[in-house]
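In the two assemblies presented below, chain A is common to both, partnered first by chain B and then by chain C.
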Partner chain A sequence: MKKLTATIMTGLMATSLLAGCGGTTTETTQNTDSQPSSEKTTEAAPAADQQADSGSADSYESCTLTFDWWGGDARHEATIAAIEAFEAKYPGITIEYNYGAWSDWETAKASEYLSGTNPDVQQVNADWIGKYDADCTTYLDLNTVSDVLDLTQYDASTLAFTQDSKGGQAAIPIALTGRTFYWNKATFEAAGLSTPTTLAELEAAGPIFKEKLGDNYYPLVLTEYDRAIMLAFYTQAQTGEPIIDQNGNFTLTQDQVKDALTWITSLEENHVIPTIEYYDGEGAESIDKSARWIGGEYAGCFTWDSSPSSLQNALPNPDDFEVGCELMDTGKAGSGCYVKVSQMFAISAKTEHPHEAALFLNYILNDEEGAKLMGTQRGIPESKAAYAVCEAEGAIDPVVAAAHKSVMDSNPMYWNPLFDDSSLKGDTAVYNTLFENLSYGVRDGSYSIDDAAQDLYDAYVAVAPAK
Partner chain B sequence: MSKIQKTLRDNIGFFFVIPWLVGFLIFKAYPFISSFYYSFTDYDLFKGISKHTLENYINVFANKQERTALIITFKYAFMTVPLKLVSALFIAYILNFKIKGVNFFRTAYYIPSILGGSVAIAVLWRALFNDEGLIRMIFGIFGIEGPHFFTNSNWALFMICLLRVWQFGSAMVIFLAALKGVPTDLYEAAAIDGAGKWRQFFTITVPLITPVIFYNLITQLVQAFQEFNGPFIITKGGPRGSTTLMTLLIYNNAFGGTYKMGKACAQAWVLFVILVLFTMISFWSQKHWVYYSDEDGR
Partner chain C sequence: MANVQTKTASQAQRDLERKRRISLVIRYFILIVVGLFMVYPLVWMVGATFKNNSEIFSTMNPIPMKPTLDGYVHAMDNYGGTINIWQAMLNTYSYVIPEVILTVISSVLTAYGFGRFKFKGHDIMFTLMMAMLFLPQVVLNVPQFLFYNKIGWVGSKFYLPLIVPTAFAVETYFIFMLIQFLRNIPKELEEAAKIDGANVVQTLTKIIVPMLMPAIVSCALFKFMWASNDFLGPLLYVKTPAKYPATIFVRLSMDSESGFEWNKALAVSLISILPNILVFFAAQNQFVDGISAGGVKG
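== the complex of A and B ==
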C-alpha cells in the first residue's frame, strides 16, 4: 500500500511539474534568458528609455506575440524583414509568425476563430469583420490602444471601412484596392492594334485577334469572380448606383441583371474572352502562372491594382506590360468601378499583450523603418506616414502606383462587403457556379441567360434585399 | 494481500484499456453522437443553432445539387471498385507466374499505392492530363486533338476514377498472397484433365480466393464512398459539379465558407447509412458466392 501511495504521490508531483510547463508565452520568453521566472514576469525590456516609465506608450513587457498573414513570396520576405527589425528594436518581444498562400487560408483561420486560438496580431480580409466579429468580441477595438497605435495617420473615411457593428475600430486598413486592366502590348501590336482605351476598342479586338493571331489568342481573360466584378462595374456604370447600396439593398432589377449577363456572354461569343472551359482546361493556379499569359495568348487581364508585379514579371519581356484604364466609357455614370480595403490588420480581443501588439502594428504600419521594410507589398499604404516614407525612398513600385492611380482617378463608388458574402464568393458559391454554368450552358443549351439572371438575382436578394 | 490490492490486481486490465477508451470516447463516440444531433438542426459554426429540423435529410434527396452529388458518388463507386478489383486481380495473376524480374514488376505496380493518399500524386495527375499537359501533347504529336480531360463533364469523373484505379497495388498484394495459397496440385490435376489456363483460373483460382475478393470488395467500396482527395485537388468538384462527390459537398458545406455544419452532418449520416447498407448487402450475398474452406465450406 505504501508503494501504491508513493507512486500516486510521485505521479501527482510529476503532473504538477508538467502543468508548470504550460505557462504563458511571457514566461516562455523570459525563461530563455536563464533567469528566475519570478523576477521576470513583470520585467521590462532592456532598453532603459523603454522601461523607465511603465505608463508611457513606449514602455513594454517582454513577451511573445503570434502573428500571421497570407500572400506571395515578395510579401513574405518584406514582412519577415520588418519583424526581424522590430525584434531588434524592441528586445524582449518575440514575434512567432506563420504565413501561407490564400488558398484554403480562410478555412484554417475560421477553425482558429471557433477554437479561440487566433493569433495576437493578424492580417484579415475585408469581409471578416462581418463574418467572424459579428458580436464584436473577436477583434480588439483599436481605439483602446490608440495611445500606441497612431490612428491619426488614416483618413476617417478609410477607418470607417473597418469598424464593427458597434462602431469599434475592429481593424486597421492597410491599403485600398480596386480593379483595373493590364495589357500585354506586344500581343496587341502583333494583331496590329494598340491597347484598348475604350470598351468598344476591346470588343472590336476579339474578332481581330482570332483572325490575325489564331483561335488561341484573346484580348482579355476573365475568371468567374472577375466576371462578377465586371458585371458590377458594367451595371454601376449604367445606373450610377452601387450594386449593393449602403443600406445593404440590392439595387438592380432582374432585367438589368439579364442585360449585364447578356453583355458578358457576348464577350465570349465574340472571342474577346475565352470560355470557362478553355480557361480551366489549362489548370493554372492563377493568371500569372498561366502558360497562356506568359506566352502572350492572353493579352489582357482584369485584376487588383495591388498585384501587378507578379503578372509583369511573368512576361518574357516585362516592358511589354502596360497598365490600362477603366473601360466602362459607354456607361451613363462614369466607370462604375469601386474600391475596397484590400487587407487589414487586427489584434485579437483575447490577446494578453494588447499594448505590445499595438506597438508591433504601429511599427510595421507607421514607423519610418518598419514602413520602409514593408514597402508596397500590400498595396499603396493608406498610412500617411508610411506613404511619405515609401515615396521618399522610391519604394513605391511605379507600376503599382500607376495601377492605383488608374483606379482612384476613375471616381470609384461605394462597395458593400455583402458583395463578397460567402454564399456568393467562394469555390462552390454562386459566382463560380453561375458563371461556369452560363459559359457551358449557353453553348450546349442546358442553361440560358434567363436562367442565370433569375438565379443571380435570387442569390443577391437573399443576401441583400431588393431596394 | 489486502482487499484493495486484490481488487487492483483483478482489474488491472482496465487500466491498460483506459488510454484507448478515452481516445475512443473523445475522438469517435462524441463526434459520432454529436454529429447525429447536429444533423437535425440548422447548426451554423459561427451562428449556432436556431431551430431543429428534418430539412437537412429531406434536402439530400429533394435538393438538386445534393441529389446530383449522391448520384455522382454512386457512379464513382460503381466505376472504380470493379475496375480496381479486376485490374488488381489480373496483374496479381500475371505476377504470380515465375517470370524473370518479377520482384521488380511487383514493386513497380505497388509504388502508385504507396503514393496513393498523397496530395502530390493528385497534383501530378492534374499536370499530366490538363489541356497543356503531357498526355494531350502526345496526342498532338500524332495529329489528334485529345479530349479535355478535366473540363469535359463526361471525362472528368472518369479521370478521377482512373486515378484511384491506377492505385490498385494494395489490393494486388492481397490478391497475390491469396493466389500463393491456392494448392498447386489442383492446377496439376486440372492440366492433366486438359483444362487450359483460363479454365483453371475461373474454376480453381477464383472460387478459392473468393474470401479475399470479398475482403477487397468491402474495403474498396468503403474507400470509394469516402473518396475526397482526387476531386478536391484536381477539379474542385467541377466542371459544373460533375465531380462533386458527397464527401466534397460535406466539406464545402462544413468548411467551404458557409459553415452549415448541420447540413453537412446530415449528408455525412446519409453517406454512412448507405455504406452500412452496402456492407450488409455484401455480407448477405457472400453465402451465394464466397467459399470458405472450413468444415461446411462456409
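== the complex of A and C ==
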C-alpha cells in the first residue's frame, strides 16, 4: 500500500513537472483578426492555367525563397494555402516556409537578424524596423521592386508608417489597427442604461452600476496599458496634437499629464473602472479569459479593433457584444485616437532574388486570388485590391468591420512608435508599474497623483524630449 | 496476579496499536491533502481537454459539465500535410534519445576522470566546470547560434546543434551529481579490479558503471525530461515545419492575439507527455534512489 502510494505520488509529481512546459506568454500588442475562414482556405485551386494572362509576371527565374510568419491555426492554414497556390501559378519558384506561435518567436528571429540568416520574405512586427533595421540594411527598400510589387494599392499615409530612418520603404503594412470600446449590452440593460456614446454617459454609468447591480459590476475594465492609451487619447482629444509628434517630441506639459492622471483616478473613484488590485486579484491572463467578463460583471473593455472575436466568443450569448464608438470627442480636436500598423511584410536586403520575392509578396497582398486565400487573417487588409476581394467574398466579419470603421472614421492621429518604447511598455516598464502604483498608492497615501505625474513626465521625456 | 499482568500487557499492546493507527491516519490524511493539492492541476488539465473555452475560464471544477471531444478531434489536425502530432512526437524522440545516450556516456566519462584521477590542472579545470553550473542558458543562446550558423548546422535535418553538444558533457549538473555518487564507491573495489588485471576502461565499465547505475538512471531521466521539454532550442535550430518537435507543435495553434481553443492545446499537451510519464513510471524506483543517494550523502 505504502509502496503503491509512493509510486503514484512520485509519478504525479513528475507529471506536474512535465506538464509545466505548457505555459504561455501573452502578447497583446499586435492584434489581428481571427475570423476562421478555413472553409475558404480549402479552395486552394491550382491556377497554373492563369499564368498566361498575368502580365506582371512576365519573367522570373526558378529559385527557392524562404518565408516565415507567426500566428494561430487559421492563419497558418490560410497562408499555406496561398503559398501552394502561388507555387502552382509560378512553377519553378519554391517557397520554403516556417511558422510558429508568437511566444519566443522574436527571440529566434533576433538571433537570425544578428547572424544575417533572416528569410527572404518575412512577417515583421510593428517595432522591428526600429529594432533590427536601424541602419536600413536589414530590409530591402521596396521602392526598388515597385515594378512588381504594386505600392499604389496603399495610401501614402499608410506606407509612411513603415518607412525606415532614411525614407526607404522597409516594409508593407498589412493592416492598421486602433483602439475602440466594446460593451456587454445585457449588463447595461440590466442597469437600465443604454451603452455609452459619450464620455459623460460612461462616467455617469459607474455610480448607477454600483447602486443597481452591486459592487462587483463595472461599466468598463482597464488594464495598466489600456490606461496609458486612454491617457493618450484623452490628452490628444484636448490638445489636438499627438502625444509624441513626428519629430519624436513629447507634446504635453507636466500639468497636462497630471490632469489626465487625475481623470483616470476619478474613474476608479467613481466606480467606472475597477482598481488594479481588484482586476489583478482574479489573476486572469487577459480580459477574454476573465470570469468577470464572461459573467458580465465587467460590462465594457477598451481594446484593439482587430481582436473582438475572442472577447465576443467568451460571452455566453455573443449577441450581447456591441461595438462602441470613440468617446473622447471634445468637439475641439476630434476623438484623439490613433491607429498603428499591426503587422507588416518585409523582404530581406540580402535576398538573392528580390524580383521573385516581390512577385510573391505582391501575390499574397494584392493579387485577387492570393488575397482571397490570405483572407483577413492578419487584419482587414490595407491593400485596396485585397479589401475589395475580401469584401466581395464576405470574408470580413461584420463585428470587426464595424469596429475598424469606428476607428477609421474618428479621424485617427499620427502615432509615434516611441510610445511603445521598451522603457515604457513591458511587464516591468513604466506604464505597468506607474498605473499599478497609482491605483494602489492613492488609496493608501503612499503614491500621489503628483508623484505619478512627475514620474510619467520624466519617463516620457527620457524617450521623447519635451517640445 | 498473573491474570492482571497479562491484562496490562495486552492493554499496553492495544494502546500502542491504537497510537500507531492514529498516527497512520494522521500521516495519510496529510499526505492525501497535500497530494490532492499537487494532483489538482493535472486532474484539471485532463478535465479541461473535454471543456470549451468559457467553461475552462469560469469554473474550477475539473469535471466537465458539457463534455466535448473537439479537443482530441482537432489535436489530430494536420498542418498543410507536413506535420501532425504523431510526426511531431517522433521528431522529438529522434533527437531526445541520442541526446540522452550521449549525455550519459560523456558525463560518466568526465565524472570518472575528475573523480578518480589527479592530473595537471585538475583543480582549476574542476573549478571552471563547476562555474559553468551557474551559467544560464540565456547568455549562451546568441554565441551558440552564431557558431552553429557559421558551421552551417542551423536548420540541420538531423538536429545536429541539439544532439552534438551533448557528446561533450555539457550538463555540468550531472557531472557534479555523478562525482558525488562516485565518492561513496570504495576505491578498494577498483584496486581489486586492478590486481585482477583490469585496465582503466574495464574498471569503468565492469565496476564503476554498475555501481553508479541509480545515479546514471537519474541523469538519463532528467536529461530525457529536459530535452523533451526544450522549446527554445528547437525554435532556434529547426527551420522546417516537417521537423518540428512536440513542444513547438503544441504551441502552433496557441495564438494569444486572436484566441484559440484551449481544449485542443491541452489535448495535444496531454498526448505528447504520455511517453514521458510512461518512461518515468518504468524507471522511477532507480530514479528516487539516484536522487536521494546523490543528494544526501554528497
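The rule we apply is simple: the second predicted complex is superposed on the first by the 349 of 467 C-alpha atoms of A that agree within 3 Å, B and C clash if a C-alpha of one lies under 4 Å from a C-alpha of the other, contacts with A are read in each partner's own complex, and residues count from 1 in each chain.
Definition applied: contacts are C-beta pairs under 8 Å (C-beta built on N, C-alpha and C of every residue); 3 or more make two chains touch, one makes a residue touch a chain.
Remember, predicted model here, so these are calculated numbers, not experimental data.
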item: Partner chain in contact with A:Ala291 - chain B first, chain C second, else both or neither; value: both
item: Which of chain B and chain C A:Thr428 touches, first, second, both or neither; value: first
item: Which superposed partner A:Glu277 touches (first chain B, second chain C, both, neither); value: first
item: Partner chain(s) touched by A:Tyr440 [first = chain B, second = chain C, both, neither]; value: first
item: Chain B versus chain C as contact partner of A:Ala191, first or second or both or neither; value: neither
item: Contact breadth on chain A, by residue count: chain C or chain B; value: C
item: Partner chain in contact with A:Thr107 - chain B first, chain C second, else both or neither; value: both
item: Contacts of A:Ala314 with chain B and chain C, given as first, second, both or neither; value: second
item: Partner chain in contact with A:Gly71 - chain B first, chain C second, else both or neither; value: second
item: Footprint overlap on chain A, comparing chain B with chain C; value: 107, 111, 114, 291
item: Chain A to chain B touching residues, read off their complex; value: 1, 4, 106-107, 110-111, 113-114, 131-132, 134, 276-278, 280-283, 291-292, 422-423, 425-429, 433, 436-437, 440
item: Touch list for chain B against partner chain A, complex; value: 2, 4-5, 8, 45-46, 126-127, 130-133, 148, 150-153, 236-241, 244, 252, 255-259
item: Partner chain A, residues of chain C touching it in the complex; value: 31, 35, 38-39, 41-42, 45, 53-54, 57-58, 77, 79-80, 141-142, 145-146, 149, 154, 225, 229, 231-232, 235-236, 239-241, 247-248, 250-260, 265-266, 269, 273, 276-277, 280-281, 284, 287-288
item: Chain C partner contacts - residues on chain A that touch it in the complex; value: 5, 7, 9-22, 24-28, 30-34, 70-77, 80, 84, 96-105, 107-108, 111, 114-115, 117, 284, 286, 288-291, 294-295, 306-307, 309-310, 313-316
